[in-house]
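Attaching a single structure in structure tokens format; questions to follow.
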Amino acid sequence: MLTGAEVAKHNGRDDCWVIVHGRAYDVTEFLPEHPGGQKIILKYAGKDATEEFDPIHPPDTLEKYLDKSKHKGPVDMTTVVHEKAEESPEEAERQKQIEQMPLLEQCYNLLDFEAVARRVMKKTAWAYYSSAADDEITLRENHAAFHRIWFRPRILVDVEKVDYSTTMLGTKVDLPFYVTATALGKLGHVEGEVILTRAARKHNVIQMIPTLASCAFDEIVDAAEGGQVQWLQLYVNKDREITRRIVQHAERRGCKGLFITVDAPQLGRREKDMRSKFTDGGSDVQKGQATDGSQGAARAISTFIDPALSWKDIPWFQSITSMPIVLKGVQRVEDVLRAIDAGVQGVVLSNHGGRQLDFARSAVEVLAETMPVLRELGLEDKIEIFVDGGIRRGTDIIKALCLGARGVGIGRPFLYAMSAYGFDGVDRAMQLLRDEMEMNMRLIGATRVDELNPSMVDVRSLYHHGSVPADSLSLSAYDPLVSPPQRAPKAKL
Amino acid sequence: MLTGAEVAKHNGRDDCWVIVHGRAYDVTEFLPEHPGGQKIILKYAGKDATEEFDPIHPPDTLEKYLDKSKHKGPVDMTTVVHEKAEESPEEAERQKQIEQMPLLEQCYNLLDFEAVARRVMKKTAWAYYSSAADDEITLRENHAAFHRIWFRPRILVDVEKVDYSTTMLGTKVDLPFYVTATALGKLGHVEGEVILTRAARKHNVIQMIPTLASCAFDEIVDAAEGGQVQWLQLYVNKDREITRRIVQHAERRGCKGLFITVDAPQLGRREKDMRSKFTDGGSDVQKGQATDGSQGAARAISTFIDPALSWKDIPWFQSITSMPIVLKGVQRVEDVLRAIDAGVQGVVLSNHGGRQLDFARSAVEVLAETMPVLRELGLEDKIEIFVDGGIRRGTDIIKALCLGARGVGIGRPFLYAMSAYGFDGVDRAMQLLRDEMEMNMRLIGATRVDELNPSMVDVRSLYHHGSVPADSLSLSAYDPLVSPPQRAPKAKL
Amino acid sequence: MLTGAEVAKHNGRDDCWVIVHGRAYDVTEFLPEHPGGQKIILKYAGKDATEEFDPIHPPDTLEKYLDKSKHKGPVDMTTVVHEKAEESPEEAERQKQIEQMPLLEQCYNLLDFEAVARRVMKKTAWAYYSSAADDEITLRENHAAFHRIWFRPRILVDVEKVDYSTTMLGTKVDLPFYVTATALGKLGHVEGEVILTRAARKHNVIQMIPTLASCAFDEIVDAAEGGQVQWLQLYVNKDREITRRIVQHAERRGCKGLFITVDAPQLGRREKDMRSKFTDGGSDVQKGQATDGSQGAARAISTFIDPALSWKDIPWFQSITSMPIVLKGVQRVEDVLRAIDAGVQGVVLSNHGGRQLDFARSAVEVLAETMPVLRELGLEDKIEIFVDGGIRRGTDIIKALCLGARGVGIGRPFLYAMSAYGFDGVDRAMQLLRDEMEMNMRLIGATRVDELNPSMVDVRSLYHHGSVPADSLSLSAYDPLVSPPQRAPKAKL
Amino acid sequence: MLTGAEVAKHNGRDDCWVIVHGRAYDVTEFLPEHPGGQKIILKYAGKDATEEFDPIHPPDTLEKYLDKSKHKGPVDMTTVVHEKAEESPEEAERQKQIEQMPLLEQCYNLLDFEAVARRVMKKTAWAYYSSAADDEITLRENHAAFHRIWFRPRILVDVEKVDYSTTMLGTKVDLPFYVTATALGKLGHVEGEVILTRAARKHNVIQMIPTLASCAFDEIVDAAEGGQVQWLQLYVNKDREITRRIVQHAERRGCKGLFITVDAPQLGRREKDMRSKFTDGGSDVQKGQATDGSQGAARAISTFIDPALSWKDIPWFQSITSMPIVLKGVQRVEDVLRAIDAGVQGVVLSNHGGRQLDFARSAVEVLAETMPVLRELGLEDKIEIFVDGGIRRGTDIIKALCLGARGVGIGRPFLYAMSAYGFDGVDRAMQLLRDEMEMNMRLIGATRVDELNPSMVDVRSLYHHGSVPADSLSLSAYDPLVSPPQRAPKAKL
């Protein structure tokens, strides 16, 4: 058994141990990969980090992510000096922001939650949630694309009763969206993904459970009640046995859909996140020898993902589960056709929230490309098409449904609502979407989801990427031309 | 008979009575729905609100909107303590703005009135007039669409005399626009809609009387003189008998057109308005129990509107009136054709000033879609087509006429002119439009309205929604990428 | 003979006389129409204004513009008290700007002169020169249109010698532009249009003499030397005898082209100019009775123009002169064809610098529409096509020539150069254009003007008015949506 | 032999000698042409400038650029007074910026180096590198064009191993880019182009040696190691013998490709550069007599370039070398076809980094125009097509390769990386591109360069120049319209 004093020796960047739940771990090599940044770990170098660790990590984190050789064994906790962490000025400022945050009732739409979350979340957590690939063009295009779709509403339709319920993979849901999978929910809220579970249940929509959740898979399933339906999002492990165990466990626990992520053979570099995690080693670190902290959270948590995953693996998945299989991250019509050939039950048109390949097109543009081809080939009923990315308004949902989507996935907005206001935030976010759905179904002249059709939208401008989201880095590095300067006034004699 | 002391007990948010014209009313449940915000009512909780109430409400308001059960009966006014309301800092600032407002002669175009009104109107009134649906994209697109229409003027036409008079539903008018219906005129000016009546008469244009006017219908009709023509705008009540009474009363009083609003089965959520009306309950209100003030004025005043109104109701309207019937709020060519089939006399292509369905297309774009189809089918003379939304310039009017509109409706600009300068403002606004019409008819080379034709405009860019109005909420919630920051200077030793 | 004391009595806004060159004039009614604003006249009400008048008016101004009944006759100047005008704070600030203005050598392009002129010109003069119709969209589109034309340069062409001379209406010129007609040159520089005459001669380009010059026509002709060619720009007078005299006089004095303005049956309202001229009458003027100063300079000087001018007048012009006739202000291909039919020698595609009809298309867009039609009909050599508006760069000129223009007119840029630096400014502006022509002819791979052809430009984006110049007034009157506000911090107890 | 005192007499703008390496030179006439601005030379007028000269000039500079008549012969250095130059305030500020510059690890992409270089480079050097022709529209369009190309990625491709190596003109390279030729490397870093040589070697990419390098050609070749491949960029001299010597010397020294610049018969005017070099002569210089410093660096160093170079010279080049010949600066498909006819081995589609003809189209747009034509004619394998201009991201490279480019040239980004961080900067820049290539090849679903194909990109918006880069000069010279101003508050009595 180790003593506090022994652990305390390993208290530097080059040799860093921490104690969690009475056991010591050597996290030296893990430092630069830590999703929350290395600074927070270094603060506990050689010390007991349990109090900081607990609220944001799934219980099995260290087992799963840290090589056994780094497990240094139990510590005699009576020998460990306990000290109270003091609050940083940034944290003090953040607490002030939290104190003054708007009342929940002042949030009138999903973007409002994002604005509030930006003010009250920890900077590193905000950076992880909000960042995307390269210049974040696709991130913004995802929502902007909806702004190039206009309505052709019908009038004088009796819309006293409107019904926006629908069916996804055989499950009846009250609203045509689902909570899509997003990683590391505890970065935003101490309870993590189970908050989304409870909100999904209240509004009778489906939650997709992420592979990279902060809560353990079983915790999330346990939080579901009364026949509430959940799906499993899967990053495929290089070790297929692990994958098999995960899939079959999920099916046994009642999951009703297997969403295999296919747009992330490697997780993206997100520079905003990397920049937020950067820690200046200070003058004592030799330039060139500094550990490169530039990988960001996404890479750190995803080294297990198999870049060799390919179409030839699909039959194997079909052999190990009877859940409907959906490919998440399809990005062109050719691959939708191939998915139909492969016999899967659905595809999610998605670019991973703009976090993977910058300049991937928006899902809704791919949808508009896909459906006419499917209809032409008589295949439109052979597969369920979902879209995600950039959905913020009821009108966005309606546009996707008009174009042929079965339903839409919503991720970040619920994370932001949760990060700012917890369960109440997510609940209100869903309620706002419900209100917007009701209002706008009426205004477009449709009483049921199946009345929504392509004649109700004008997509002629959708393909025109004439006004691309601003290229912030280029703009800030460019020196605009200036007119001739005035000369200095002559000095008075 | 109630005493002042008895009424005074009901002086809180949870139990709120007010006295108006010597009678007490329980407005507790109505508070959150008050178009002017609940704050102003709470100021008079348990007191006599007549002085505040009178200038902005039609005399029959409480009768019409407040359930009989809330009418608490007469009050012995000798027992009521009268107190002078004191001026708030915001109101003091507004009074200062009013003192310094530009002279009327400094307003050179309709947008100038809007800029002045924004400075001098009460914030809640400004919010009600200026707000629109969701992200207010359609609101701005309405005017922006005119900016994608360019002229192909003819030269060397003798334009010494230009005549911009025309005929609408059989009425000869001096200018090809009418004053369209807008709600709650007294929010902008104490006299309300009758100011518009007088200005319309002076310039010989038609006024459309709104269902939701601040002045009573008969007041507005009484304000008309000398055969001045008025139309009736109708929100159809769930109780068709009420609707029948309104329509037949209007016809008897001389109205020459019935404009049935068909784009508002439910009145829109307007977040700017909702935000302006929000009242922080303060620390004594339990979070979650706070009354949700989020509905805004539009919803509050429109609960009677029938969302079940449909094409099958049209024959009934035709049976109860001989006024020409016009459908206001048509938004696609298919519905124009259906209106012709239904035998109505006209349609107004309109998206309700952007206040209903965001991403509805501009009326002028729908016009450009509609007229070629009508001409192709030989139907262009079967119906009168009006457009409204976003018209601010004489050139906007001319563009609409070139494309085939019979006339255009103008709403908010006159409200702004009225709010800032009263009758003189509206008079000048109309005069400015007249000047612009004269000038620009000459410059385009047309001497009469019927010489305006599609060859005079270039609409090739109209359908391109390449540069969509700015998405303010998204932009403000987005963190732009930044270049690497400089490091802090080293501390001096 | 009047005495100074008698004149001095007429010293108010309602009764205003001034003395010029020893004669008194009643300018009361003219006040609001004064191109320079009424303020400057009122400063001299009842006094001798000769010193102020002289530098900016043609000698025959009062004869031409002021009704004989307002000529009050000679004044005994010995009885007139002379007082020195004192400098206003604005003028002092302007003088400071002038002192610090950049050296001429710091102006590297035509836009630089505009930037300098904006700083050093009198505000009213700047407003007159720089203003345009309505929202000034066309003003800006004129230059912006060139930015939607891209080059397809040829390489490996021997461009050691490049020759950018050409021929216009039979005159050989060294550069493919001419100085187009612009009004009121003395607003910018005390010497007025003769500066342009001298610069045009130095660079062997043609000057078009404006009807509304500050210098008298004969002064401008007299300033020409050595066979220098000039053209006459003509506003056609309602009194055709006056027009006949002007035209025949010009021909006798050697003018080689008659450019009849056809885009201005009435001169435009220019709000920026009107706003700059506005004078607040102060508290002693009754609201409503205040003289409306809103017409601006353009209207004031143009009441003689005949709005009845039409195609049927063309033969008459052909009968009174043998100068080539060119229609200035043609704006669609149909009218170019009609001009060919009418037998005129040329057209200027122009929208009057954006000063007349807002949303008129740019001349270069009309050119791109016109030439293919002419070529299709075999008419491309039947007429000379000029364009003006928005030309600021050598590349703009080359683009117009590639598309088929014979030459381009340049107006404002030379006025700005003249206003800032006098003759040297205009000289340098022309030299800069010459340098840009040489450089860019080389870079596009053409050695002579006649080698420029449509294959050298890519005009596919020209017709797309996707990004229209900013609508400043709308934008400034619009309240952007905002995210929920933070609440006030709780008061400390 | 001259004495220090004799040289010291020539110490003014009108008579300026300097001493370099013990020899005096009369640089009076050269002053305005000095690429680094004349200010820096004047500081050493009449003095020994060796210390300042050495770090940024190739050893043979004065021999090559200064007429023999200006070589004044050896100086007795014992008679020369040596004085220490004192630091200017600008330089002090710059040194402060350098002290605080971000760590190299904080640069996450190529644009980051540009942002840092902008802060830490000398203003004149920054101006030379960053400036471009006229309004710098093409400069910015070059990168912006890539933002109008979107991806159509393939999913479920086994991308465990991705290989982005390729072959250019027969040379196998590890990455599909080369270091293109850029002038005056020592302006950015004291060691100059050899830094690029070393970085190119480390990453096994090809360096193109510029004619206008700061290092001597042989220095750069000598810096290459281990069979490292270099190409020669050639500005063709009016004296073809000089050109022959350069070409044949390069071939003897092992260069494997001859890139003849064909887009620069004359080097461009770059106003930003000119403005940065401008030196106010002060009040003692007569206006009009001031030396015109307006030519900028580019012109100064390029007077030898032959503007008569044409297609007929190509056979001569083929006769004097057996290196593959590539035409650098082709800008339309017609000239690519002609290049194939002429039998050259390659073309670089390029507009010279936007430094020559403004409104030249981006290379990638020309590529998208070219390849379908070549494929149609079966010529796509007859020539290697390279592109340069605006490449900043791995995705930019992949887009160009998808469209058919053999490889891409990158210039300024490496200069910026070098200027800010020397070799380490360039090394990291290349490493970042390598990382981006790996990531994005995976994400687009390609494992080898030859799998990239046109179906993977959506170029429908590429031709739309709807949103052109901002026209800074026009925008800053334009006075936006304003709403009516409030009036001044009344004075208190």
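Descriptive notes on the structure:
The letters A, B, C and D name the chains in turn, as written, and every chain counts its residues from 1.
As a working rule, a residue touches a chain if its C-beta (ideal position, glycine included) is under 8 Å from a C-beta of that chain, and two chains touch if they have at least 3 such contacts.
Here's who's who by UniProt: A, B, C, D = Cytochrome b2.
Predicted model only: the values in this text are computed from it and were never measured.
The best fit of Cα atoms from subunit C (Cytochrome b2) onto subunit D (Cytochrome b2) calls for a rotation angle of 90°, in steps of 5. Counted by residue number, the contact pairs of A-B are over half the same as those of A-D, the matching pair from A-D, B-D or A-C. Taking shared numbers over all numbers used, the subunit B (Cytochrome b2) to subunit C (Cytochrome b2) interface scores under half, which places it in the different class.
For the pair subunit B (Cytochrome b2) and subunit C (Cytochrome b2), the distance between mean C-alpha positions equals 41 Å. Each chain gets a centre from the mean of its Cα atoms; for subunit A (Cytochrome b2) and subunit C (Cytochrome b2), those two points are 58 Å apart. Counting partner chains per residue, subunit C (Cytochrome b2) shows two or more touched chains at residues 103, 106, 108, 111-112, 115, 135, 271, 275, 280, 464, 466-467, 473, 476-477, 483-484, 487, 490.
Subunit B (Cytochrome b2) makes touch with subunit C (Cytochrome b2) in their complex at residues 103-106, 108-109, 111-112, 114-115, 118, 126, 130, 135-136, 140, 143-144, 147-160, 271-272, 275, 280, 283, 392-393, 395, 399, 424, 435-436, 438-440, 442-444, 455, 458, 460-461, 464, 466-467, 470, 472-473, 476-477.
Remark: subunit B (Cytochrome b2) residues 134-135, 137, 262-263, 265-266, 268-269, 271, 274-275, 278, 280, 287-288, 290, 292-294, 306-311, 313-314, 327, 329-332, 334-335, 356-361, 463-468, 471, 473-474, 476-484, 487, 490 touch subunit A (Cytochrome b2) in the complex.
For subunit D (Cytochrome b2) in complex with subunit B (Cytochrome b2), the touching residues are 96-97, 99-103, 106-108, 111-112, 115-116, 119, 464, 466-467, 483-490.
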